[in-house]
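Order of writing sets the chain letters: A, B, C and D. Residues in each chain are counted from 1.
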């Protein structure tokens, strides 16, 4: 086996590879707090299972992790309810062009997987477990901070409020799930939990660090703490690979070859099993809602490191 | 790293693990040649990149590989037309409950991926390249025999004929693709090619051997021949992982964690990158059309070997 | 032309024709107020353009008109906004098996017609016109009482409240419409208006009388007042015929041959243009949500009177 | 009741009303024989139940009646198999944007109604009744000539052949129906029958005359012959009204208010029950595939005559 290349060199090379693409794509504009982000921002960070941490670009800047939070709430809820979760939702790619309600109707209120909005609402509902939303939101925040090894990740209340004010589609999904009996708590509590988790603000350094347990068989390599059993880590990675990029999941697997989860804030968390956790951030999105330059950066990174799982 | 366990031990343990499941599920019965297969058949074979080959069960018995052939025709056609293929079809999971024409209509005749029937028909059409079907079918047969390192794989004409006689759904798909201008050759030529490739008969030993180039970066480890470039091997593996088990692809990734392709004959080809190629066969199918005991065997094998890509 | 048969004779014959069917079907049970209705109730009333009024069965009993109210709010809103309404919704049958959100997604938030729930929500929104829901609900009540020539029709607050408490599917539709920009007022105001209009309680005598303007070219024959222009009356009749019975509209046209609108309370309003308005009520529903005995009664009535428009 | 206006005056007024619209729309161009028709052609003919016959425009010119033939084959097959036909297909509007295969899949091979292509293929299959297609095609031709009271209607073999050569979508539908067991005869026989019936060439005078039995309770008023019972005539009219213009059926009912059936050749047959049968022809089509000027002419005619059924 050749010597591991120097990650700092690689990350800088990747940054150069894609420099011309940064600023392209369309910044999410459905809420003001996202719309005013500078499209030229770019950051990448890698945390390895061996304790190495490298970064490039705007790595100190906090951004809205949005749907990436679904990975953390899925992890939390599986610890709480175990595999029984799968009686309420599937783990199949959705194959729909966007965050669709069509499939939910055909499949009678059972979301296809936990990484689409409908599935994440069911996860939030299961996580609530008869507690007030504020307690649940606190739990999520504490969990993410613990994983990030850093107390500065926070929930941006302005973002959460804006999501709530404009989140008619998510409100529609939640009411639809409730109509099918697949929500147990009040629709408003589920939505509040969901809008707050999406409003988590982190930087790429924290995010890469927070995902590291998934690259390390469920164990946080820094603390040695078992976050989840190894098989569960593998399974979450499998779901990220098949479902993590909405209707571009197949393309992400084809091009990058790593489990990953994107958010409309422009972030992506990617996992190289047994190697590293990688976070990228660039706010310009493709039409599928995934970071354009972020995906390209991961494609280059995967090629330069040979970390593709395939 | 612990010493590699003995594969013969593992394969026998897997056989014992799932003994109670063999014979369950429903044998495909849409053509007589498949319907009369003994549901209690079971075979498994592993070929490693290091040249090891182990097997258990009915490993000498030839079975109809059916949709597994799509992996080989995809490989062939990519060598012929290159990445231009993707202008005619996608590489996203279909998310449909079965071999659906709905999606094809919504997406105007562009199949979601090459491993569903509609996509495989487009692949067959691209492979024909103005040649008579018999020449194309010969090419496919020779290619599979070469990969298998064995001349006994053959096309079962009875199966091919039965498929043609009852293949109204595939005829519907082919005409539909042609209506959208996504077939360039006569519908009957495309169907004939497709029905013949599905009628390929192989045993698990040959099949495991034939898939080995995908586990070895595109190079046949026995001959050293470059079948395809390494990046293409990774990409085919990615498509197998996200799309190889129809609407149970996510579940296969979740449980087994390996790229794989199933056929209604009860076979599955699975790839452990950098490790091995595995073929299983057990004719009883789940309602999704995948081998029930075969999938379980791969789940146990993956757990015992630690070969999951996640 | 033969002499007009005696309507009292006909109505009694119809009652006898279908006596064996009364009590069959399933009473709507999604809210307690509907679930406790005696399934053996049956009533029919005819009001002719010549001023005749006949009835049979439980013609004094008030029942929840539910979706039949959509005919009255459509009439009201067309008087308010005119043909501009059609920029926000269509007038095509939905062709969906039930009150589907699928079509709404495919057609980007533009409901197919004003007689499905999504369309009625848009109608309610247009009717609100920046007024408090209570004012709008008053206007609807007054309008229906005026048409019925009777002040006793009222909104059953218990029914309205129950609808609101369990109306997750309608809440989902309303949020969905809002997400597509096809609601201008707060979702809760639109839902409140809609749930109240559905809770209108009337008897068949009042309902038949209230629909009479549609049989008489838009003019109330009792008062001589022009409710709407004749062309608009024809058009509302056309929409009732093609869309008034959800996914059984074609079958109602085939069997009855009259414009009609059903409600899950078991009522149906049918219009025989230039002849009469007919109301029937029987709470047992078919699986399509239309009154089973009520539809049969109208089929017999149509045959005995020769009033089919075809 | 005012005196009946003079139909010759009306028809000429209608011709003037819409003169500016003739030539607009897009002539069907999927086969050469249709594509080369002069878009400025226009003809209208009325045949009344009282024996009056008026016409205007190019009333001698034969055109391809295409889907209008579905009305005649439906009439024929109902005489042959009776109401048992409805076990194989429905009578509900399709609600789909075009001649869709989606619905057919969701509804497991049971076409929504006999006036969409899938339904007409089932009708053709039922009509074949184990006879050679040529015999069936002869029967259809003789039936139409009999109804038209004229021997010159004929099947344009060039059109039939062109349809066959390009009819991949219909071939797809037929194979799909066969896959679901809803065709009993060879796909090619069904398609041949269907392509020939669509190639019937008639002029508006013949077509209006041929539809007259539907306006007259099933009796041909010229010969006094009972073509079908009165109830069946009403039912066919009902199906025409709810399903006769594909996904613009609701709009046609809204604007014209008459049962009607359109063809992509630019013809429309409309029935004014108890009054008249009307045929129009103008080759320019709307995006829904219905004659643009033809529909407008019927809208004006309906307004000027007061023949709307509503």
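As a working rule, contacts are C-beta pairs under 8 Å (C-beta built on N, C-alpha and C of every residue); 3 or more make two chains touch, one makes a residue touch a chain.
Owing to the predicted nature of the structure, the values given are computational and were not obtained by experimental measurement.
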Separation of chain D from chain B in steps, with touching chains one step apart: 1
Sorted by label, the chains bordering both chain A and chain B are none
I need the rotation angle between the copies chain C and chain D from a CA superposition, between 0 and 180°, in steps of 5. 180
Tell me which chain's centre, taken as the mean of its C-alpha atoms, is farthest from chain D. A
Could you put a whole-Å number on the gap between the CA centroids of chain C and chain D? 32
So, what's the distance in Å between the C-alpha centres of chain C and chain B? 55
If you average the CA atoms of chain A and of chain C, how many Å lie between those two points? 47
For chain A, residues that touch 2 or more chains besides their own: none
In contact (per the touch rule at the top): chain pairs: A-B, A-C, B-D, C-D
Chain C-facing residues of chain A, complex: 100-102, 105-106, 168-169, 171-176, 178-179, 187
Can you list the residues on chain D that touch chain C in the complex? 90-96, 103, 112-113, 231, 233-235, 237-239, 241-243, 247-251, 253-254, 257, 259, 273, 303, 308-310
